[in-house]
Structure formats: structure tokens, C-alpha cells
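Just dropping this structure here.
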Amino acid sequence: MEFSAQQIADFLNGEITGNPQVKVSGFSKIEEATPGTLSFLSNDKYLHHLYTTEASIVLINKAFELKEPVKSTLIRVDDAYASLALLLSLVEKNKPHKTGREDPSFIASSAKVPEETYIGAFTYIGENVTVGKNVRIYPQSFIGNHVSIGDHCIIYPGVKIYDNTKIGNHCIIHAGAVIASDGFGFAPEGEVYRKIPQIGIVEIEDDVEIGANATIDRATMGKTVIRKGVKLDNLVHIAHNVEVGENTVMAAQVGIAGSTKIGKHCMFGGQVGVSGHIEVSDNVQLGAQAGVPNSVKSEAVLLGTPAINARDFARSSAVFKNLPELQRTVTLLQREFEASKNK
Amino acid sequence: MEFSAQQIADFLNGEITGNPQVKVSGFSKIEEATPGTLSFLSNDKYLHHLYTTEASIVLINKAFELKEPVKSTLIRVDDAYASLALLLSLVEKNKPHKTGREDPSFIASSAKVPEETYIGAFTYIGENVTVGKNVRIYPQSFIGNHVSIGDHCIIYPGVKIYDNTKIGNHCIIHAGAVIASDGFGFAPEGEVYRKIPQIGIVEIEDDVEIGANATIDRATMGKTVIRKGVKLDNLVHIAHNVEVGENTVMAAQVGIAGSTKIGKHCMFGGQVGVSGHIEVSDNVQLGAQAGVPNSVKSEAVLLGTPAINARDFARSSAVFKNLPELQRTVTLLQREFEASKNK
Amino acid sequence: MEFSAQQIADFLNGEITGNPQVKVSGFSKIEEATPGTLSFLSNDKYLHHLYTTEASIVLINKAFELKEPVKSTLIRVDDAYASLALLLSLVEKNKPHKTGREDPSFIASSAKVPEETYIGAFTYIGENVTVGKNVRIYPQSFIGNHVSIGDHCIIYPGVKIYDNTKIGNHCIIHAGAVIASDGFGFAPEGEVYRKIPQIGIVEIEDDVEIGANATIDRATMGKTVIRKGVKLDNLVHIAHNVEVGENTVMAAQVGIAGSTKIGKHCMFGGQVGVSGHIEVSDNVQLGAQAGVPNSVKSEAVLLGTPAINARDFARSSAVFKNLPELQRTVTLLQREFEASKNK
């Protein structure tokens, strides 16, 4: 399918600079674009490609000022990245998707699954499962007993969801993710550890996306909660009884220890670790690999282990690099001072 | 099923304060308990909830002294957390569990699997596999050729166990865990790496629990060994030829590099990394995100990368935060000293 | 099967010291070798075992000088580890492997899969998949639509490969790995995040090995590329639009953030993290747990977060341990200096 710059600009409520009749049939990255594709500029790192790109159309922010002439037709919008997302979503939504059941699959007779739901081959649906409308469950997934899945969800291949989990609407769970495995709870008994059976559940609210091979443990008692709009990247670990606040985003390989409560709108970089039984306030940003041992009481940008104010961390790290020199200076000063005293 | 405080106290050999006739039919966390449930207090962080909880019964340590009156019936025991574990285990044990084979599953004709073993749909059991009594193997698991599994084991959905692995009794392996994949062994040959085929095995002793999506690699030669009572959390990585000592506990996302030997009763926090070809003594505790480059010769509590004594790490981290100030002080002192010399 | 030292030496072009008629039928580690096995010495840490080992044959580097007599027959070669790899590969190659399709499996009618390809039970092969010769796809794997797999590949159980992925020849993908799941891309829209559909692909070149439960995300647009000869260990995460250069090796739990370009022949230790949108030059070595926030412009050996020259890191870490003492020294010096001024 082809669309003209005019059609796209009308749809996005954008302003055209250049030829409104030029047509595109696909998307491209600005640095490797070919004619007939639409690209975008949102990260200044890629700015220099704007003047050489072969893209027929480039989405760009209204505020942007050209320094040189460009070959492409520009569509100026409030937020180029958001507009791109909108266009891509539209294309995605119009793709045809499978419906119905592939053989063989295992669906317990007590499960309530609409006829048109895509159930991939080798998928297992347990007792009393309920599935909403417009859901796709890819092959080899496991949906335990009494799990409920809302509307418009996508469960990718090989996802494993243990019993009693509740999943909201518009959720996406990527391949290999494990939801509601046992929390890591043991009571020491002399030399050995006695397992604490984990009888709680996991509840995932609407609009949550969970990355490939991520793990979210069920609560010891009560529930582990992933609030509305949360996005978790691949290989993230969420321990038992954790609560992750609305619209919080965690990059790959982050780990949150048990019973910790994370606020809303937080952003955690990759490989961040947060200790158990603490609270992290709303809007907290943790840089990659940060380690948080204690509660974070208010909005902050933190880095390092133990995590401190990010600017302080950067400054201290600069000194860290020269610590041997600092130490030599102090030793020398000490020696000279002693010598001067003895004079 | 309902139980009275008296029945529970008798079972736990505990002492009742309050009404021994009050009955409960479920468990709850102390901060969100409802009447008719039993709760527990073992972490002082939750102490203030004791005086307001709606739980009908609270398990509590004998040593605990009340500061205010409580509404709940208390059952005093030596270790509230261990008693809770005992009660929960009892409930768990009495739950009905599936037995027998779900269709379709794949069981090699040479495999020795008791008729009553639960084999979930889409599970694959290879040649010459042996399975003990009272084992449950959930759907979509893969048990390679010549694998042996002891008695009373639970293999959750989608676990993948490569050929020749030995698993003891009372082991639990959570969804998506991979046991005995190839160790990461390559010999450099000019510019490229030649794969070293990994012909060793993995041996897992009794009472081991392995978390969701954890990975344990087979040995190059010989074996990777997980000793009795070890508990590994989600996404833990154990490399080839590692030995993990009895009753050692590792939190999520820990990684142990090849040929390292970890002692007994160690406790590793989340995201800890331990280098290859070293030894870590018994009873070593590593705080979250610690990195251990060299052998740890005796019992210790370590933190940081490279890991040092935890108290030293805490103190040094406090100074780290103020390094720029320390450097300024030194520079100033140096300048002043120079000036004073020149006077 | 048995081989004599003479046969093995002829094959490896090695020189024999000792009895050339001694025979072996298996491999062993030098420290736990039994008679009738062949062992090797390549790491000096294990040197002392040479003089006591029960191995009938030991592969050893030509350059090695004996300090004491040994019982074993020695075969001296240029590189003992590479020779071992060669022998093991030979044994591996001659093992019989399954061919053909196990029931039930799901193979779309448009897929082009040679009759003799091993397709394990419960494996799913989507539309228009093409598979080369001599490929093994173990049970419970998922091969999405339009995926191409070259010759001589091994796909272990439960691997999930999303649509449109291209895989070269001689690739090995271990159990549970997820290839081409969606990149982690969202556009903020007020309080919430709008998903950016990820329409790019993953391309994996020849001779790549990918560890268990590793994840490689598809590109937003364009492709995520894993070049020839790359080896990725378990639980590694490669984000969207990353390019990993030829023969680069990453140990377990490494994470590479989006759009970063990693050079050739790099070696990354376990749990390393690399930020997004940067470049890491060829031949860069990153020690375990290093965190790289900015581009690395030339060959280097780095450690720490933020990563610095490894030797500088080691020296600074030595001072870090004594920071409280350094601070006390400075405070004291300052105080004494003030006192001396006031005299």
C-alpha cells in the first residue's frame, strides 16, 4: 500500500515542506533509508543524516530549524517519535492475524475461551481459565488453572503462566516469560532451608508489556502487582510481593527483590538492582547498573552502587579514576609537612 | 477447611494467648489480613501492624513482648516463620495433584516412568529416562535421553533438561529453567573460535530448588554439581564445572563463572557475579551486585566490585560520595602549604 | 572405541613421549582422570596435577618443560586446548543423531524443510520457513513465519524464533533462547507510553552460538545483526538494532542496549552492560560487571562502572578500600596545618 505525504500529513495533523505528492510504501531508519520510504528524526545523534538521507519523507519536530536544504519531503509534527509510533501502530493493526485453534492444543473443558481466539499448536489451557476477546495465544504457551486474561492481549510462544494469575486488557507478554512462579521464600531450620509454599498470586493490570524470558514471581501471600502501563524489558526479574507502580519502565535485566514497592513513572536502566522490603518513590530514575539498598523517599536521578545522586556519582567517579594520584599527593604533603615541622 | 487456634497450637507445640476457639480457613499478610485468616510476624518492619491487624490468629515468636493489647489470638512458637512454613507445607501437601499422562505427550519406549507420574501434555521424555515415585512433570517440558529424576520432584512447565543429567529427590525446577546446556567453551584458532564439545554432565542432589529461567551448564568433562539443599532463584546462571556447596542460597540473576567451587551455607544477594576457576569458602555472604574476582579463603561478608569486607565497603562508599570535596581540600591544603613554605 | 597414543599423535601431528601403544577410550579432566582416558594441560593452575594424574595420555604444549617424571604418555602439540577441541569435535561428529520428524509436530505446508531434517515432537514450523541441510530442530521449538535457517544448524529444545529471522550456517542456539522478540521501544505520550511496533528483523550470520535463555530483539526498523563467529553465553540480552561484530565473545548475563555497535574480536566478561546508541571498537575487552556509558574509540581493556582502563581501575580500587583512612589523614593534616599557622 502506498500513501502520499499529503495523506500522511493530514492523518498526523502535520505540516508539509516539499512535495506533497511523493509516495511511500514502507518505513526506514534515516541513515539507511531508500527512496519510497518514510523515515523520522527524533534523536539529535542522527541529525547529520537528515541532509543526505534518501528517504522520500521524513517526520520531524515542528520546532526543528533546518541548517541546509534537504531532498526529502518533511512532515512537521509536534513529536516525530510519537507520530511514527502512531503510523506504525496503524500498519500493525491492519495486518491480518490468525484466529481459531491449531491442532493439537490442550484446552480444559472448563476453560472459557472464545471460538475465534487464536490458540497456537501445543498450547495448554488449564481448568477454569477465562480469555477475553481478540486475544492471541501463540504456540507452546502454558496457561495454568484459574488464570484470567483480558481483552486484546498477545501471549507469544512459550510463555508460562502459573495458576490463578490475573491479566488485564491490552497486555503483551513475550516469548519465554514466566509469570507467577514461586517466590524465593525459605525458612532456615538449622543447617537447611524449609520451603515456604507461595500461596499468593500475580496480578497484571492493563497495557502492560513484559519482555522475553522475564520472570515475575507469585506472592508468598497476597499478590505481586504490576500496575497499568508498566513496561518491563527482557530478562527482568520481579520478586514476590513486589508492586510496580503505573507507567514505570524497566530496561533489560533489572531485578527487584521481594516486597519492594516501586512508584509510578519510574525509569530504570539496564541491570539495575533494588533491594527487598523498601519503597522507591514516584518518578525516580535509576541509571544502568545502579544498586538501591534503601528506600528512595522522593523524585531523584540516581546512579552507582549504593545509588547516589547521578551528578555526584559522575563527579566522584572522575576523582575515583585518579585516586592513586590523590593518595600520593596526600602522602607527599604529609611527609613535607612533617619535614617542615622538624625544621 | 477450618482449624481452631487450639488445633494449630497443638500441632505447632505453641502457646495460646487469647481465644483458643477462634477458627481460620486461610492465610494472610499481617498488613492486609481479614478475619478468619491466620497471619504471622517475623520481620520487625511489620511490627506496628500487629496492634491493628484483623487476622484472627497471629503466629509470633515466644520471645516477643507485647507493648499494647492485641485483638488477635496469638500463638507463640519458637520461630514464627518456620512454623508458618510448616503449616503452609501441610496445606500444600494435602492439595490434590494431577496424576497420569495427558495427551499428547511423547515418552520414549525405553523410558521408565511410573504409570501414575503426572506427565503434562506436550512433554517430551527421551530414551532411557528414569523417573522416581511421586513426580510431577508439567506440560511442555523436555527431558533428554538418559536423564534420571529421583522421587518427589516437581518439574514445572517448559523446563529443558539435556541428556545425561542426574536429579536427586525432592527437587523443584521452575518453568523455563535450562539444565545441562553446553558450557561456554571455545579454543581460539587464529581469528575464530573452535567450539569445545561439552561432554560432561550436570548432577543435582536432593532438596534443590531452581528458579524460573535459570540456566545450569553441563561440564566440559566431569560434572557440574549442585549439592544437597541448594536454592537458586530465577535467572541464575551456573557455568560449566562449577560446584555449589550444600545449602547455599543464591538470589535472582547471580552468575557463577566456569570451574569455580562455592562452599556450603553461602548466601549470595541478587546480581552477584563470581569469576571462574576460584574457590569461595563456606558461609560466605555476598551482598547484592558484589563481584568476586579472586578466591575467598574464609567465612566473610563482602560487598562491592571487587568485593571487600562489607563494613569497609560501606565506609568507603560514604567517602566516595564526597570525593570531589576531599580532592578540593587536598588541593587547597597543598596550595596553602606551598604558600607558607615560600613565606 | 579405543585409540592408541600413536594414532592420536598421528592425527594431531604431535610428538609422543612415553609408550605409543597405550590406549584410551574416553576423555577426563587431569585432576580426576582414570586410566584409559586422555586428558590435557592448558591452564597453569592445573599444572601440579600433571605429575600425579592417572590419565593414560595427556595432551600438552610443545613448549612445556617437565620438572619431574610423569606416568602418562604425553602427546606434545602446538596448542593442547585446540587439539583437545579437535579430538572432541571428531568424536561429536561421529555420534549418531536423529533424523526425520517426530509426531506430533506442526509444519506449515508452505515450509521448505528437507525430509531428513530432525524435527522434534511439539515443534512448530511456520509459513514459508526454509531450512538448509543437516539441521536438527529439537522438540518444542517455535520457528515463526518466513524464517530462514542455513545448513548444519542445531536448534535446541524450546527455542523461540519470531517471524522473518535469518540464520546462517553452522549456528547453534541453546534451549529457551528467544530470537527477534520486539525491541523495547515506546514513545511517551503524556503520562503513558505508546508502543512503537518493531518492524525490523534479526539477522544471524554463520558460526554463531547463542546460549540458553538468551534474548536477541528484532530491530525497530532495519535489522539487529549478529556477525559471523559471534559466541553469546546464557542469558545474554541484545537489544534492538544492535550490531555485534565478527568473532566477538560475550559471557553470561551481558546486556547490550539499543542501537549500539560492537566491534570485532571483543571479549566481554559476565554481567557487562553497554549503553545504547554508542560504538565499541574492535578488540575491546571488558572485565566482568563493567558498565560502558560512552563509545570506546580504540582497542582497550576496561573495568568498572563507568568503565575505565583496567589497571587504573585495579589501582583506584586498592585506594578505595582505604578511603576512610585517606580522609582521616587529610583531616588531621588540615588540622595540624591550621594549628601550625596559628603558632
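Per-chain numbering from 1; labels A, B and C assigned in written order.
The rule is simple: a contact is a pair of C-beta atoms (placed from the backbone, for glycine too) under 8 Å apart; a residue touches a chain by one contact, two chains touch by 3 or more.
From a predicted model like this one, the values you see are computed outputs, not experimental measurements.
*Asks:* Determine how many degrees of rotation, between 0 and 180 and to the nearest 5, align the Cα atoms of subunit B with the equivalent atoms in subunit C.
*Replies:* Best-fit rotation on C-alpha atoms: 120 degrees.
*Asks:* Counting shared numbers against all numbers at the contact of subunit A and subunit C, is it over half, same, or under half, different?
*Replies:* Answer different: the two copies use largely distinct residue numbers here.
*Asks:* What whole-number Å value describes the gap between the mean CA coordinates of subunit A and subunit C?
*Replies:* 25
*Asks:* Which residue numbers or ranges of subunit A touch two or more of the other chains?
*Replies:* Touching at least two other chains: 104, 122, 140, 158, 176, 213, 235, 253, 271, 289, 305, 320, 322-323, 326, 330, 333, 337.
*Asks:* State the interface residues of subunit B toward subunit C in the complex, per the touch definition above.
*Replies:* Against subunit C, subunit B makes touches at 104, 106, 122, 124, 140, 142, 144, 158, 160, 162, 176, 178, 181-182, 184, 186-189, 191-197, 199, 213, 215, 217, 220-222, 235, 237, 239, 241, 253, 255, 257, 271, 273, 275, 277, 289, 291, 293, 305-306, 308, 312, 315-316, 318-320, 322-323, 326, 329-330, 333, 336-337, 340.
*Asks:* Spell out the residues on subunit B that touch subunit A in their complex, using ranges where they run on.
*Replies:* Interface residues on subunit B, with respect to subunit A: 27-29, 32, 43, 45, 79, 81-82, 84-86, 88-89, 91-92, 102, 104, 120-122, 138-140, 156-158, 172, 174-176, 207, 209, 211-213, 229, 231, 233-235, 246-247, 249, 251-253, 265, 270-271, 288-289, 304-305, 317, 320-324, 326-327, 330, 333-334, 337, 341.
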